[in-house]
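A single structure is presented below for examination.
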Amino acid sequence: MLRLVIPKGSLEEQTLRLLEAADLTVRRGSSRDYHGSIDDERIERVSLLRPQEIPTYVQDGLFDVGITGQDWIAETDADVEVLASLSYAKSGTGHGTRVVLAVPNEHPASSAKEIPPGTRISTEFLHLTERYFEALGIPVRVVWSFGATEAKVPEIVDAIVDITETGSSLRAHGMKIIETLMTSEPALVANRDAAGSPAKRAAMEDITTLVLGALRAEGRVLIKLNVAEAELRKVLEVVPSMKAPTVSPLSEGGYAVETVVEKRAVNTLIPQLKAAGASDILELPIAKIVP
Amino acid sequence: MLRLVIPKGSLEEQTLRLLEAADLTVRRGSSRDYHGSIDDERIERVSLLRPQEIPTYVQDGLFDVGITGQDWIAETDADVEVLASLSYAKSGTGHGTRVVLAVPNEHPASSAKEIPPGTRISTEFLHLTERYFEALGIPVRVVWSFGATEAKVPEIVDAIVDITETGSSLRAHGMKIIETLMTSEPALVANRDAAGSPAKRAAMEDITTLVLGALRAEGRVLIKLNVAEAELRKVLEVVPSMKAPTVSPLSEGGYAVETVVEKRAVNTLIPQLKAAGASDILELPIAKIVP
Amino acid sequence: MLRLVIPKGSLEEQTLRLLEAADLTVRRGSSRDYHGSIDDERIERVSLLRPQEIPTYVQDGLFDVGITGQDWIAETDADVEVLASLSYAKSGTGHGTRVVLAVPNEHPASSAKEIPPGTRISTEFLHLTERYFEALGIPVRVVWSFGATEAKVPEIVDAIVDITETGSSLRAHGMKIIETLMTSEPALVANRDAAGSPAKRAAMEDITTLVLGALRAEGRVLIKLNVAEAELRKVLEVVPSMKAPTVSPLSEGGYAVETVVEKRAVNTLIPQLKAAGASDILELPIAKIVP
Amino acid sequence: MLRLVIPKGSLEEQTLRLLEAADLTVRRGSSRDYHGSIDDERIERVSLLRPQEIPTYVQDGLFDVGITGQDWIAETDADVEVLASLSYAKSGTGHGTRVVLAVPNEHPASSAKEIPPGTRISTEFLHLTERYFEALGIPVRVVWSFGATEAKVPEIVDAIVDITETGSSLRAHGMKIIETLMTSEPALVANRDAAGSPAKRAAMEDITTLVLGALRAEGRVLIKLNVAEAELRKVLEVVPSMKAPTVSPLSEGGYAVETVVEKRAVNTLIPQLKAAGASDILELPIAKIVP
Amino acid sequence: MLRLVIPKGSLEEQTLRLLEAADLTVRRGSSRDYHGSIDDERIERVSLLRPQEIPTYVQDGLFDVGITGQDWIAETDADVEVLASLSYAKSGTGHGTRVVLAVPNEHPASSAKEIPPGTRISTEFLHLTERYFEALGIPVRVVWSFGATEAKVPEIVDAIVDITETGSSLRAHGMKIIETLMTSEPALVANRDAAGSPAKRAAMEDITTLVLGALRAEGRVLIKLNVAEAELRKVLEVVPSMKAPTVSPLSEGGYAVETVVEKRAVNTLIPQLKAAGASDILELPIAKIVP
Amino acid sequence: MLRLVIPKGSLEEQTLRLLEAADLTVRRGSSRDYHGSIDDERIERVSLLRPQEIPTYVQDGLFDVGITGQDWIAETDADVEVLASLSYAKSGTGHGTRVVLAVPNEHPASSAKEIPPGTRISTEFLHLTERYFEALGIPVRVVWSFGATEAKVPEIVDAIVDITETGSSLRAHGMKIIETLMTSEPALVANRDAAGSPAKRAAMEDITTLVLGALRAEGRVLIKLNVAEAELRKVLEVVPSMKAPTVSPLSEGGYAVETVVEKRAVNTLIPQLKAAGASDILELPIAKIVP
């Protein structure tokens, strides 16, 4: 019933992986197809298109729901409803993507305000960059880039505005980041009219639940442990407070405790649990978490 | 103690994967070996042979147990006991394989009955095809195919009888399916004498339990959730009825519910559970299910 | 806070995999880097160096903790504290590595004692081999090997002392093993001074807990089952006795039982559990076990 | 001395291969670098940039020489000197790339003139398309495409203007080509000022000689043969007339003949030569031809 | 004009490579297609079919020309004209394939004559084997094999008749070869009617010329050298005598000599030529030789 | 007749490639075998062993001929006859390998003489390094390295002596080269006794001829061209003077010229030849040159 559009290109692999984890696997004849389907009644069809064009298409009602970067929503000024911000990136786990202003290492400026008038700036984010420097009151010359933006300094332009995850590609090209124009992660966005229809709204909320459920499970694990009654309180104090753990009595006395924790906290948590009196600690993988 | 034979060729990879999931991993010196072993007292040795020949070998007592396609059991008319039908296929997940009659798209016939007498039919299933058309009372000329059957129409024969999973290869060669002679999936079969020996029978039942346990776990997941007493009934009504869920009381009040569900139903189930009052819904992977 | 050193070369891949499973993922710029970091406050830095040199470096305090083979600890006679013996090997799952004496198949000796005086022996374990034959009172000529040791018999030397997992490479070169000088698996070792500092000692124990927790989970699974009260005892008798299982009452009567078992025992255990009255048996994967 | 720019993206692999065949191998630290060098005194440096931007950069003197598509030269209206048209394409051997107008198969139009006013057209060639329809006097709505242009019909636009080699991708997306706006192959282009400097001009001519020399040798081979005096004329009549063959007297009488022919003509030429009396026919590969 | 059929399966790769070397490259949509074309007026279309079926299809006129093994021509007793025997095999360079009788190493027989009556023999060559033993006057039981023939001894049959190149696969399965029923290499065969048509006959001879030309060039190289008049005779005596070398006078005196030799003879020939007084010796690759 | 030993490890691939180019292809059962054969009467057998050990083995007569690095000949002080120095390296084309002294970038020393007494130096070249510093009169502590030498600075040692081709790995580890102890390329070496036997000596010279013949052809090509009599002198003046070109009269007047030149000179030579009046210039690959 919903027409969904997702980004072709650098975010494609991770977006398909996320939808699969959310039990919304996209099926296509071949990995080069632009159109596919999802075996789910709530989704009528799926298209893969360039992320630059997705905000406008969703705004204009060509699709009901889409996934695209917040950077392109800002660049296009599209009027869409953001259902959820999705914390993933091209490399899977998120450093948080940023749209940044970068100049050669030897450039004197150390912030956007120090950029001299007349500076030539190459970027794929034409409007975003123009608005940013208008707000600063610095007249610059913004030149549209068709890609490979970091290759153009210093021969062709003086500075660039580009998307970066870790900054390593910019550093490798001899540039320093002197300003972050915006941070950006993918977003699940909806057409405003479609979001006003109760049936479509309900379907959108289901999709959001599943996608966020899968995303939340990434980087989290289930910890199970046993503990004697005398030490239950001490163990519960050690458990991270993000959600009350599930505690159930055991037949032989004592309690079984289950709790979801961050995978990256496990290396410090397990020794603490053991010290607090927990035994038979198990760590299990999780596929989805819906709070 | 049991001598096992499994199919070499298109079903090989999935059969080995299934046996590994069943904790009956086949060990061979190299992936090209025809003989191997399983580290399990109940299995004396394992051979990999062509599926066409397996029914006869099991019937003749050269092996006690075998896995082969139901199509070849039918083709060879072998007298074996079917212990279990196994729902997998060459591509892992089952469209259900079929033995079909196919003709060029432009052929006037739209069912087997409309096939004109004297039609030349190429197939690997010689007896099956002959019996089928004898029963219909249409005299046709059946020609043995050594493979690449779909390539022979229309230059060499007029029609073919071939195995297909999705029909896409037939369509790609310009053919339409006009009849399904039989559906077929792999089967675990036993020699009738061996199945009569109590010790071998017990071993066969253990193997069947493990193989079906692994097969049943594919495509299923464990759902865990918490629910307040007031909403327990509503949540349990939503849970698919294939098996009563496990409900256990929590120390803080309320209940923990665990249930196994189809992976493909999760995308609709989770929103329903949430709407019914469930919280802390977790989805976990499973390796084996024995009811 | 701890400086860690791990082996570059044949054990590298499995060591990195083990540390990742222990939530101590080593991050490096590229897979060819010798230095990296772990996102964990207890570990200051990680180096990858040749296992031959690691015992001496840890003894001399250049690193606080290291992973290396027990064979190289013996060869170098380094004075280090062994925190834990780690049951893994180059191929992941352990046949148990051995340092062996091998001779050509046609050599008359069938044990080390039968080696004639003056025999030339090529080996990477110079001191170990010399000490071994000194203890036997047989004067032999030990020649340092820079690798490819098994290729030198019979043209260049008469016998070799080499490390082997399965013996298959030796057999393939026409040799027979006639003595095992020592068995060897990787060990987590500590510098004695560092191990005497309370803060470093605590950190070492946390690391040991995590690494052993991950190692213990390999080859084990969690079995969950339901059982009626009348058959609980019979089921519990079947469960392997390595640790008391967790038993909790179900709301509808009966009990839920959870227990960790060896993956390789599952093929015999599940049929027994079923026969004893268990139902709804599930097998789940585990990432870590801390008893 | 010359600053050279070549296209990053779809033409990249073939352009690098051509330069290597021309003994002008581009050396880069990694295949992802945007800048490199050629071990040749006549070339100061090489950059890899998007082909869309190359015509303007060469026109503006940021580079002396560049390789880009004739389509982008037309799109940008850049004022550059074309040194040579290069007959290669993304797939290596040239079907001849075309910029075409395509519509869905079921669209009534069969030429550009039949496109109705108000038609929405998606394209990367904004100006080219606008100029084309202005000349036709048909007001259309041209929408910039960021790629994946063929995926946008019919949901998003009514027609597209896109580059194609064989048309197969368009056909696969259910479209028909109804007009060719221009044919296009890569061109070696020069900045007009640089081309006016005698030293740079000479260097450009050397480069052109090498690149065309390599291109000309592709698809050609050297044929060597022996022939008796009596049959020399007959053999020479069979040889394709593109260039007089080289004939030299042999010591034993008769002549040796060498000639360059099209590789694709060899399969018919050799039987003809043999029939005409040639013997000892040899075919040799050639790396470069400079007439 | 000719309809060509070539073998799908083990000979496929080498057959396609040979046709490419002969400038008769087979073009197909994908490497899994059964039908293709050759850009040559003499060949109307190409099919890839199982080698077992090719002799009969060529005999029946479904194709004019085919490539298949001499073993299958013998097995099917097909009446076709052999245009040329082609010395290549599955592994490219020819040990010469043989159809052999093999038995387990411990079997007492050392020739076919010693095979006891009633022996069970598995083979893909049913008729060939039956005729062979009828001629010997030994009644045996020949069982059709669907492949993996070498895996069936000794559990299922007592002996096998199979195709082998080096015998290594048979040895690896513990068998010894006790008789060679026939040697076999691929052959270019023609339908007798087609071969009687003058136009088709001429086309067949051209194809034969090209294929043999390519095959002959494999393993041969062109040797060019210079030699003084005084030593010309000595050098020419060293040159292998398969064809008189080409000698031409040099402007500076002495002679240039060119000759084609076996690649595998070059390592001994060049030192001999040098010793005999040759200088400036060159070795060049050759793609085709037509004498 | 000759027993040959070649280096296992980093030089292995290029050594095998060179022998193949020399028509002395090494055949082995698998690429992991230590022993093989060459289909050439002059070579009895081939072993692949560690380059460190080869000089001693050849000196001691375990092999007649070997290829190893000059660095290891120097390190072991082995008494062998150098038949030829071979200009190749691990990366195929030679920057020239060097044994160098390297220190961290921030180290004050800029030559070996400035190394302070007591400096710890890690190296695989123990004797070479000790002798070098003894000659300088600086007492240093040389520590044997088992590999990964560049990873040990500055934590474990102060400086290293290591082999390097381009220095890039050292730079990547933050080190600077301050001295070259020796340059080193592979050498073909012989046992002195074997080299004294006339028959073995002759065989060694043939092998040397073939290996150098192949090595010399790398990076060279054959140039063929036509020129009118009036311009012959001008063209011949342009041709590099390493060897007189071959000139032969053409039937139609003018001359054919053939000459071997460096591949890397071709890009400048061809335009010069054309300017001097040459036409029909061809470039052909060469496999071997024996002057």
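Each chain carries a letter (A, B, C, D, E and F) given by its place in the written order, and its residues are counted from 1.
Here is the rule we use: a contact is a pair of C-beta atoms (placed from the backbone, for glycine too) under 8 Å apart; a residue touches a chain by one contact, two chains touch by 3 or more.
Only a predicted model underlies this, so the values are computations on that prediction, with no experimental measurement involved.
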item	value
Neighbouring chains common to chain B and chain C, by label	A
Equivalent of B-C within the choices B-E, A-D or A-C, defined by over half of its residue contact pairs recurring	A-C
Same or different contact residues where chain B meets its copy chain A, judged by the half mark	different
Identity of the chain that, by mean CA position, is farthest from chain B	F
Chain separated most widely from chain D, comparing mean CA positions	C
Euclidean distance of C-alpha centroids - chain A vs chain E, Å	60
Interchain centroid distance [CA atoms averaged], chain C/chain F, Å	42
Touching two or more other chains - residues of chain C	248-249, 284-285
Arrangement of touching chains [line / ring / star / complete / other]	other
Set of all touching chain pairs, with the criterion as stated earlier	A-B, A-C, A-D, B-C, B-E, C-F, D-E, D-F, E-F
Residues of chain A touching chain D in the complex	8-9, 34-35, 47-50, 52-53, 57, 62, 145-148, 150-152, 155-156, 173
Complex interface listing, chain C residues touching chain A	22-24, 39-41, 205-206, 209-210, 213, 217, 222, 243-244, 246-249, 255, 260, 284-291
Chain E residues within the chain F interface of the complex	221, 226, 248-252, 256, 263-264, 266-268, 270-271, 273-274, 279-285
